[in-house]
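Pasting the structures here.
Both of the next two complexes hold chain A, though its partner changes from chain B to chain C.
Then we have the complex of A and B:
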């Protein structure tokens, strides 16, 4: 399978500080849904900025679909990678929702007669078609993030990186954004690689693969269900075990594998029969 | 210091175009307690708390902060003392950092309320220690810090003004689990120091763990004011109707109740929940089906 992203021997440090990443390697396969988790300051967001070329590595290489990131290839690489940031208010430029999506298309010099159709289509995909004429500031946080996602989708990226995109949202907004991600993944399957940076374990659970970053090192690289049973290790990394895993480990006996909340409740209910 | 809200209403605009945001709010934020304000986005929570330190003036009714009464007619000049007594920590307060060093940033508040440099510095240092910012960072630019550290500096900026009451809007949002825990500890320390704490939160596990009183807002009105132990006893439909989550242990217990389990008291934590489940099952008779066993748990 093709690698969407290949990072080799990456070394990076902020000026006047110890290197955050030292000889760091990571491969993300095309079509994968990857979660990157780690405590604040672990280097997660820095890694996203390095992949986008917003920061330049001190040494080592980053390749996007086999093409190494350099000053010359930066524009081309960025065209394949879309990013949604944490704060929905920092990423709006348009006076209306539709204008905002159009902004990226204009930058790509998409002919203006083609735009309305494309805008309509991506807003439909994120469930925001009815809001096309609204001013972005009148939307809720979850709606704003879905519009940000639509603006990214309009540019047809092969990779979308979400950097703690649900951290500022209320529960309803958060579940709407996560549902949208699931829908997009279903629709595009292997055509879309998702990289979700988060410290919310429920969000990480949606991924095929979770990598835990700690002080610029890859501390874990596993399926979510294999990571979640390792309570002590997660705690040492400053992360929480999901509620259901904590409960299962606090019981005298429990199945020796990760169970979702529903599965755990179903198993417990059999004990009362 | 208690804060009394009496018949508070608030609207934007006037006449036909007026948009009612808050309608006939009556409540007391008790002195020395932690009051949580919950409700879905748009329910009026943020507008309500902006009345606690007179950032907004009531359209009708009054807000009594300590011994000072704030109404629609209160003059700007009279609001200074109210604002000095009620510190406000907005969402993502790190966005409001601006000074060139951490220490200067935290000194700004006390200086603004009339302290001289020396006093402001002493207050700032005390506040930085309280939020766990080590001295080695005091001369750093706040913009070189990690997200969690910036949040602490911003909190210190409000603490340094030594307000009697503090209002926090989603203080733990975006922090990692350790950062969240530290922040919740800080709120408890403030309570222990007899400060009045108001907390807006969507995280019901935090509300259950911390709050003495919960105010549920819906459509600009108060839908309930109760202790969390009372509130979360309500049935699930009520929480759906108010677009609120249940704390995870409570939600799980309610699920198990449909399957023959019984809970004597509201489980406040995973441990509490596990203890209550434990004594309802004959564990000697529990055998693991083959498909679910996989060896030693601590592998």
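Then we have the complex of A and C:
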């Protein structure tokens, strides 16, 4: 399995501040669904900006599918990695949903006559096809984030980074975005690498692998089910366990492992007899 | 803010909606330009007829246009007063102290009202039937010749369309900041003029900071989606002239000829 993203000895700090990352290493395999969690100010979003070349590392290397990120390879890297940002309004460039999806295609110089079909197809994928002519201020936050996802998908990236993309959404919008992510992952399987930056543990639980960043270091790098049973350690890092884990740990007889909501419900129902 | 008709786009299917935005902009410009020279009743009658035809082709109700005129009513009344009281000549119709109404003044005032109303309604008909994005791409297309003298037309058009896209958002934000400051005891409607203008400051600063943050975020989002320069891009919305544009051009041409003819006779 090849590495989608390889980070070696990364050092970065904002000017006039203590360095955020020092000799930081991370590898993300192609096709993986990775969650990056950490408390506010832990450097999660900075890491995403570094991977996309929006910020330049002080030292160390970032490689995308084996290609080292430099000024020369920047355009190529951005063709392979797409990103959905936190604020739904601030990433909506077009005046309508279709125009917004078209923006990236226009940048890639896709011929005008090919665009409508491509736009229709990606809006279908995120369930927003009926909203093509709507203006952004008539959409809910969750709908805007799904449009943002469609705009990224239209460029056919191999890696999609979501930087707290659900943090500003209501529960319904959040679950719609997460469902869309699951559908996409099912559809593309190993062709799509997902990096989800979040501080919502239920969202992190969807991943194959969770890394916890604390003070610019990897504090944990595990499968979500192994991470969530470590309640005390998580608390020390300023993170919550998902509700299911809190519940099952409060029940003395529950098995000492991570159970999803469904699994926990199934286990609880066996207690009746 | 939502009852402002001027500058608003209302979706529809009438004939004028199918005319290319470039045609509509050009016709509006020509119309406004010609009105400057209108100085006889027949000329105004012809211009009014042309406007009436245009309004019918927008398929919108007259009541809507009346709402469009209302906000500029005070401006019209003010200009009318200026014309009415400060135009010299004979015969004098009315005289009281320093105020004096003359026949040329009265006629001038009526002309000004007509001119004003005709221009406002014509521009309303343009924006009512043309989405802002179409206006932006039409302006880009019309300004293309300026590229030869190094005017960054593509950049300007992109700036315009992004600015248009953020107008509703900034309005919402202004509303939010206003409510937030009001809940902290700010009042924009009481106190002396100086006190009131000072109260605007705590409104503007959060708005400016918010707008700058948005601009930074937007720049990142644009860059990540492969934006490098406004020039090397293809276009999703392609403008194309059709049969309607020919009809509109012929109609306008006829109007221009008749109008110039009327001015000539005079």
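Quick note on the criterion: the second predicted complex is superposed on the first by the 273 of 273 C-alpha atoms of A that agree within 3 Å, B and C clash if a C-alpha of one lies under 4 Å from a C-alpha of the other, contacts with A are read in each partner's own complex, and residues count from 1 in each chain.
One rule holds for everything that comes next: a contact is a pair of C-beta atoms (placed from the backbone, for glycine too) under 8 Å apart; a residue touches a chain by one contact, two chains touch by 3 or more.
All figures in this text were calculated on a predicted structure; none of them were measured in a lab.
When both complexes are overlaid on chain A, the residue A:87 reaches chain B and chain C alike.
Touch criterion met: A:136 reaches chain C, while chain B stays clear of it.
Looking at the shared chain after the overlay, A:240 reaches chain B, while chain C stays out of its contact range.
By the touch criterion stated above, A:79 is placed in contact with chain C alone, chain B being left untouched. Of the two partner chains, chain B is the only one touched by A:269; chain C is not. Looking at the shared chain after the overlay, A:49 reaches chain C, while chain B stays out of its contact range. Once the two complexes are laid over each other on the shared chain, residue contacts for A:168 go to chain B alone; chain C is not touched. Within chain A, the residues touching chain B in one complex and chain C in the other are 87. For chain C in complex with chain A, the residues that touch the partner chain are 131-133, 161-162, 164-165, 168-169, 172, 213-214, 217-218, 220-228, 232-238.
The touching residues of chain A, when paired with chain C in their complex, are 49, 52, 54, 75, 78-79, 82-83, 85, 87, 89-96, 98-99, 102-112, 115-116, 119, 135-137, 151-152, 155. In the complex of the two chains, the chain A residues touching chain B come out as 14, 38-41, 86-87, 140-141, 164, 167-168, 170-173, 199, 238-240, 243, 246-247, 249-253, 255-257, 261, 265, 267-269, 271-272. Contact residues of chain B toward chain A in the complex are 40-42, 91-92, 144, 146-149, 173-179, 202, 243, 245, 248-249, 252, 255-256, 259-261, 270-271, 273-274, 277-278, 280-281, 283, 286, 288, 292-297.
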